[in-house]
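Got a structure for you, questions after.
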Amino acid sequence: MSDGPSPGRSQGGPAPSGGSEAHEVASVEAKNGPPPVEVSAETFLKMGQQVLAQQPFSVLIDAELLALAPGRCELAVPLAEKVLQQHGFAHGGVVSYAADNALTYAGGTALRVPVVTSEFKINYLRPAVGERLIARAEAVHAGKSQAVCRCDVFVVKDGAEKLCAVAQGTIAALPKKD
Amino acid sequence: MSDGPSPGRSQGGPAPSGGSEAHEVASVEAKNGPPPVEVSAETFLKMGQQVLAQQPFSVLIDAELLALAPGRCELAVPLAEKVLQQHGFAHGGVVSYAADNALTYAGGTALRVPVVTSEFKINYLRPAVGERLIARAEAVHAGKSQAVCRCDVFVVKDGAEKLCAVAQGTIAALPKKD
Amino acid sequence: MSDGPSPGRSQGGPAPSGGSEAHEVASVEAKNGPPPVEVSAETFLKMGQQVLAQQPFSVLIDAELLALAPGRCELAVPLAEKVLQQHGFAHGGVVSYAADNALTYAGGTALRVPVVTSEFKINYLRPAVGERLIARAEAVHAGKSQAVCRCDVFVVKDGAEKLCAVAQGTIAALPKKD
Amino acid sequence: MSDGPSPGRSQGGPAPSGGSEAHEVASVEAKNGPPPVEVSAETFLKMGQQVLAQQPFSVLIDAELLALAPGRCELAVPLAEKVLQQHGFAHGGVVSYAADNALTYAGGTALRVPVVTSEFKINYLRPAVGERLIARAEAVHAGKSQAVCRCDVFVVKDGAEKLCAVAQGTIAALPKKD
């Protein structure tokens, strides 16, 4: 079960998914939680990066959160030797990690509450050979208690991106403790 | 894309899934490949372990192949600090790695040819807290070019196993090069 | 060959999956809902059949509930001309209907509250040619708000069953209205 | 197993996904099959509609192919009483039928060979209440032997579309007979 981030509650225009500029304000329309609090896109991303830094496994494989906005996430994993399999491709488990974690960030920031990944499905499209993986996820629907998200995983080689996997999954709000 | 094992072609009675005794003979009825060659269950497992040892990522997280027979696999990952997330549970990406790799072994040994994981789906059932993960997979159907497999992932705590995730996926034979 | 975990979710004698005998008592240990009420297996099945009879689409394709017990369900669809596709096989949509509905019954009877199907995944294994489909589903885990279930779909031809699809999905309790 | 269409082989500019104008030429870059033959977008759609008309189950529920181009499909199901469940929503099995069939058309036209649906996964987002379902699918990757496709299913009520389900699946080329 992947406990994910809920790094803040924000209001305003959507942050760019490809990066974040200081003082830009991110938002999401969620049906859940207390009234939103304004957080800059830069702060939003930093909060997400702090969560990632607390995951020993994400640190082990040098995962990096490139961008984060409500309902959107971009996460990278460098393709060092240690994350490969016997033919020099990224191990399927690493590709699925990238998809899983990106889905969780997208769903967690869409729901704006503590979440877990309930389930996901992934289709591998081609061997992931290159310098790094980039997983881009977004929430396609956010209800009261769960968000459904999609993710595209790209492999970057010589600066060019190729789609290497696609995923779809459910991120669920943790039940409130009474 | 998870390149998996196809460690041998064998004939005879099915090997036990919970372990393997020397000189016992493993087999699978596959529609594919050349006439089967006899391989002892012990040799079959060792061949699978050699494949795992060639996967740097599997070595990184200390994955261990506990049992292997045609269409069946049992794979473990010790829950050291490095594979956890921020709440002390096994990271979802590690649970999905275990499922992915076990599915690939089950499908690869059912098809008895070089394979890749095409796709899989996983449902997380409870936080994986304990000493280690054990993923048990089996092929439920093997055709000419692909096998469909299921996997149960258990977390072992104080010697007791609890089911923590279930998965289902497709393992495909690599196309033959002409 | 789909041996999955079947953690008995019943208290008292579980109802037989191939039929139900009068006065047998069915129940389920759920974390949700009011204290269980004893209902005979026969009554339990009849209640499920009444729900099915209220679904116009299930009536349209002559679906039949063969067995029902907490966390378990067996549902059939006769393979009349009207449910086929252009090659005389059961249409994939009919196979997925059978899986979807069986999963929902298994999850709903495990949770013992009104439910909806959140999601499922299905792998088609072979063309469904024969007299009827039988979908057998069971809950592999039931929590407070959702159950995860698996389903095997068989096609019956000349009295022999062949596995033609396998599915896995999540059944969610409907949120309570305040 | 859903046998799907491969209604033609074409070359030229992509046909619009929302409709097709006469004499416009559709194409797809596929790695498989014989050299492409030019087919107008209008002819392409008509060929797809003929396949649908040969599926008794699609006829039973009045499914309609609205648009078809290589790797893209738009399919509708009117929400008559007969396709509903007990609460007046479209039955989940009908929503999954629409997704399954649209995925198969998208994959079949991307691969340009006879195909079957291998597997798919669907997440239901909201009850489908309205006048009709529209499923829009597209191939996100087409290799030699299979295509991976995504599908959005909308419910149309009072002229407005709402996303009610999302799906992802694999469409496989039928093995060639020797």
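A, B, C and D are the chain letters, set down in written order, and residue numbers restart from 1 in every chain.
The working rule: a contact is a pair of C-beta atoms (placed from the backbone, for glycine too) under 8 Å apart; a residue touches a chain by one contact, two chains touch by 3 or more.
Remember, predicted model here, so these are calculated numbers, not experimental data.
> Just grab the chain with the largest centre-to-centre distance to chain A, centres being mean Cα coordinates.
Relative to chain A, the chain with the farthest C-alpha centre is C.
> More contacting C-beta pairs: C-D or B-D?
C-D is joined by more C-beta pairs in contact.
> Which integer distance in Å separates the CA centroid of chain C from that of chain D?
About 27 Å, centre to centre.
> Quick one: report the Å distance separating chain B from chain D, using the average Cα coordinate of each chain.
34
> Could you list the positions in chain D whose residues touch two or more of the other chains?
118-119, 121, 123, 148, 170, in rising order.
> Within their complex, state which residues of chain B touch chain D.
For this pair, the touching residues of chain B are 118-119, 121, 144-146, 148, 170, 172, 175.
> Help me check something: in the complex, which residues belonging to chain D touch chain C?
1-3, 51, 54-58, 60-61, 81-86, 91-94, 96-98, 100-101, 104, 116-124, 127
> So in the complex, which bits of chain C are touching chain B?
On the chain C side, the touching residues are 1-5, 7, 121, 123, 125-126, 140-141, 143, 148, 150, 163, 166-168, 170.
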